[in-house]
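As written, the chain order gives the labels A, B, C and D, with residue 1 at the start of each chain.
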Amino acid sequence: MENQEKLNEFQARIDAGEKIEPKDWMPERYRQQLIRMMSQHAHSEIVGMLPEGNWIERAPSLKRKLVLLAKVQDEAGHGLYLYSATETLGIERDELVDQYLYGSAKYSSIFNYPTMTYADICAIGWLVDGAAIVNQTMLARSSYGPYSRANVRICKEESFHKKQGYEMLAKMADGTPEQQKMAQDSVNRWWWPSLMMFGPHDSDSPNSAELIKWQVKLKTNDELRQHFVDRMVMEAEAIGLTLPDPDLEYNEETGHWDFGDIPWDEFWNVVKGNGIMNRERMKARRAAHENGEWVREAANAYARKKKLQQEKAS
Amino acid sequence: MENQEKLNEFQARIDAGEKIEPKDWMPERYRQQLIRMMSQHAHSEIVGMLPEGNWIERAPSLKRKLVLLAKVQDEAGHGLYLYSATETLGIERDELVDQYLYGSAKYSSIFNYPTMTYADICAIGWLVDGAAIVNQTMLARSSYGPYSRANVRICKEESFHKKQGYEMLAKMADGTPEQQKMAQDSVNRWWWPSLMMFGPHDSDSPNSAELIKWQVKLKTNDELRQHFVDRMVMEAEAIGLTLPDPDLEYNEETGHWDFGDIPWDEFWNVVKGNGIMNRERMKARRAAHENGEWVREAANAYARKKKLQQEKAS
Amino acid sequence: MTAETKELTKKEAFLNYLLRLADDRLILGQRMSEWCGHGPQLEEDLAMANMALDLIGHATTLYEYAAEIEDEGHDEDYFAYFRDDRDFTNLQLCELPKGDFGFTIARQFLFSAFSYFQYERLKEAKDEQFAGMINKHLKEIKYHLRHSREWVLRLGDGTEESHNRIQESFDELWMYTDELFYMDEVDDLMIKEGMGVDSSEFKKEWKKLVEETLSEATLTVPDWDQFMMSGSRNGIHTEHLGHMLAQMQFLRRSHPDAEWK
Amino acid sequence: MTAETKELTKKEAFLNYLLRLADDRLILGQRMSEWCGHGPQLEEDLAMANMALDLIGHATTLYEYAAEIEDEGHDEDYFAYFRDDRDFTNLQLCELPKGDFGFTIARQFLFSAFSYFQYERLKEAKDEQFAGMINKHLKEIKYHLRHSREWVLRLGDGTEESHNRIQESFDELWMYTDELFYMDEVDDLMIKEGMGVDSSEFKKEWKKLVEETLSEATLTVPDWDQFMMSGSRNGIHTEHLGHMLAQMQFLRRSHPDAEWK
């Protein structure tokens, strides 16, 4: 079978560490999995602007306001080049946006938690961007060229965001009693959700094996999660904050930190769209899209007119 | 001429201090003048809710929040019975509301100034309600029965409002340096506009003579204004606030306080709809009216259904 | 890294109980007061200002008593102005933005119906001062219930537009209703002391009133078994509360030494 | 009861001049940042976050210099977080709610066009540090001007709806434009010292750019002779500013002793 031959050839390229580029042949399933993952990644960058945008107006210093604005700007940028990268797989951004606003496409459910205090902004920088980096560092070595390159770029900026969040959280943990309380409270609320960002246990993750075979992902959810936990335990200690897991314990044998049971019920609930802010996020994004329709239409109409004028002139 | 006879008879009743009641004969011009004055009074109560409503959310103590809410509630009530009183002249409330939202009917231009600080709420209570009371105390003796009675009731409540505003302003004038500054600043901004509430100089007030002849008004604009100034000078002194008029001086001869030139340019500008908040006020009221249309329609539809059901049942 | 739980004292439970009642009313009253000058008709401007006044008035009395029970030199304003959103224990139901008139009415109806059954029982509390204020507020709650119920009927059985609008509001609000019946050790202790009510006792009655009203209003009762929100009694809130508190507390906090009563 | 006026010192004038420039940018940037995550398309989310960042960045630099000039131990945050709305001297134009995308664009265009002409002259100011920062910001202002101008053309000459919408926005904004050219003794002294610009010098150029752009966008230039707002350079504002400041300053003021940089 020619198809099996092509598949073998494809797998050989993957195994040899070659990057797959848009014009290369690829299995339809590979394409579909990438579209799903990449667009979900893009949607997440976009929705991620909302919980952070929630604190721009109220940021407690001009510097912090600028930092937050720059971060949100970066996220819009990530969204843009992730959509572009996804478009190399032969699907239009409009369709992708439609799938997530009105269809079944997902975004990272972490953004369905509310940012209740300014410390949440710092905790997001540290934990959520921290988790994202672990994931994206791996994805930067993904077999699909455009996605790999997008993640290289994203990782660089995310590292900066994580650093800023961590530093400010450290300052709060070392600040007034109210600041300390706020910082610890944020970590208490964001710790488990950040662990959930790596997705279900490997045993409950049906796509994993295939994605790893194709080197779209290079590690399993549980491996990534463990890597994250090991790192965060040290970082938390360094700034004097406590992670809200009484079962956290260093395992001499494995050289890793063991941790308690993740509240999977909550995870599945939030994934199903039952997060405290889920409905609000979708409402906000749909409103943005729908209220912007006249603007996009105007831009298109104007571009058509100008094109016509140019054609006539030439 | 019968008409002249009726007019004479009407004037004689007025001169004898009798009240004119809805069913009594009255000159068309008397009716029209009253509709204009009374509906303007009603509209003013309604629009007056906006600058005060602006501070309900931000009132600095629970007590002050309750006081402000009660005041705004009273104003809605005044609006309601002033509209009812106006309806006795054979015009529907809907039409009156229409005239002011989309036509040329006016409301007191004092409400086109913004309430910039909480002290403005106190200054409004003291100066604006204070001026209104001077006016309404006179109108409580107006020749038209329903208007006269409405004003009796209104005056009672307004006096309470004025007292509350004055007391809080006094506390601020005796409070922290910031409170003192805020209080004085408010008085500086509201003093001249409150003088303008009595309308143009008698010489520029074409309706005055007629209204006085009919005892709709019992005093001229300038008389009322002088009465107000005399009173306010004393009250300002009592709480240690300065009125922003370097020409204020007691006149031994007249027994009154002389005061400086009123900035009439500003007055006419604001009357013409050029107050800083004029457009916003109209926008807010029109939006309230238009966004409420489906509610009023539903209430009417429901009432019709219920009536029909009752008729069928009986 | 172990979490220790101290035994709840009666005083702490009562303080919490009062604050939960008060927070609901302050936050809902604050939302209601946003209607000032923006109501669909003058009569409703009056009615809504009146309900806001009642709600915030009740909150004030409850906070006053809380301050007395707490006995740490705070006054009622302390609880309203100097706690942060993580300290507020009001229902998420109460903090949601006011929405359109139908949304405000639907929420008020659900809340007032609950308050009615709750206060009918709470008025028997074994604390004279507490029972006294509950009894006094009950009269006003009855009015809120009647007023909002009548509007549910008018809007539900009014025009097609009003029917759809208020149906949508109930659909949106539904997942916030389970929290009304949330109980924890605070309630348990209060019930044991003869001071609190077991809300599970009247859940059926409340549901019946709600279902009958919606049915009379030709509305569909949303699915009771859908996912329900939780957490507000422990200070978990939507992002809306923080913005509201910023407005509400700003002036007071900007001048902590000033006197404003 | 007589009012006394002290002679304005050069230092006071410069401080005021810097604060006026900075306040405009902070308040407009704050409004712009409200678009975060709510723009009509991703490219504009990016562009608007970028403009907000520029504006607030410029304000920060100006406040820093103001603190240096004032020399009373304040920092840039002091001016942004601890002054009240009566102290803010930003144009009313900048504080108006963000409106729809067209309103935001129309305002940005009017403001950026003014800033462009103003900065083109200010960059020659006889104060190296000041001229230096103006020169640096000018590059970004040119981008704001180009970006907003292009959108004025697209919306004005786009569809009927977009044409009508942005026309309405210009109509609404018009009465706030005269204040751009307001001058008083602060400006006079700054001009005298070779540090300020006489805005009447480029009013014609500004008008021309505005009129030509509107005309190219098939829009009607509103009446220049209508009533124009005034007062903001002396701290007179609409009711919108207070609400914005409550949000902006709340957290910072709630914790006056905390460090947040």
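By definition in this document, a contact is a pair of C-beta atoms (placed from the backbone, for glycine too) under 8 Å apart; a residue touches a chain by one contact, two chains touch by 3 or more.
Composition by chain, UniProt nomenclature: A, B = 1,2-phenylacetyl-CoA epoxidase subunit PaaA; C, D = 1,2-phenylacetyl-CoA epoxidase subunit PaaC.
Predicted, not measured: the structure shown is a model, and the values here were computed from it.
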Where chain A and chain C overlap in contact partners, by chain label: D
Fewest touching-chain hops separating chain A from chain B: 2
Comparison of A-D and B-D by number of C-beta pairs in contact, larger one: A-D
Length of the line joining the C-alpha centres of chain B and chain C, rounded to whole Å: 35
Rounded Å distance, chain C centre to chain D centre (Cα mean): 42
Where chain D touches two or more other chains, by residue: 84, 246-247, 250-251
Shared interface positions of chain A, touching two or more other chains: 58
Touch-based graph of the chains, sorted into line, ring, star, complete or other: other
Pairs of chains, among all present, that meet the touch criterion: A-C, A-D, B-C, B-D, C-D
Of all residues in chain C, those that touch chain A in their complex: 1-3, 84-86, 92, 172, 227, 229, 231, 236-239, 241-242, 246
Residues of chain A touching chain D in the complex: 46-47, 49-50, 52-53, 56-66, 69-70, 72-73, 76-77, 79-80, 83, 118, 171, 175-176, 178-179, 284-285, 287-288, 291-302, 305
Touch list for chain A against partner chain C, complex: 51, 54, 58, 114-117, 185, 242-243, 245-248, 269, 272, 274, 276-277, 279-280
List of chain D residues in touch with chain A within their complex: 26, 30, 33-34, 36-46, 49-50, 52-53, 56-57, 59-60, 63, 76-77, 80-81, 100-102, 153-155, 157-159, 161-162, 165, 244, 247-248, 250-252, 255, 257-261
Contact footprint of chain C on chain D as seen in their complex: 84, 243, 245-247, 249-251, 253-254
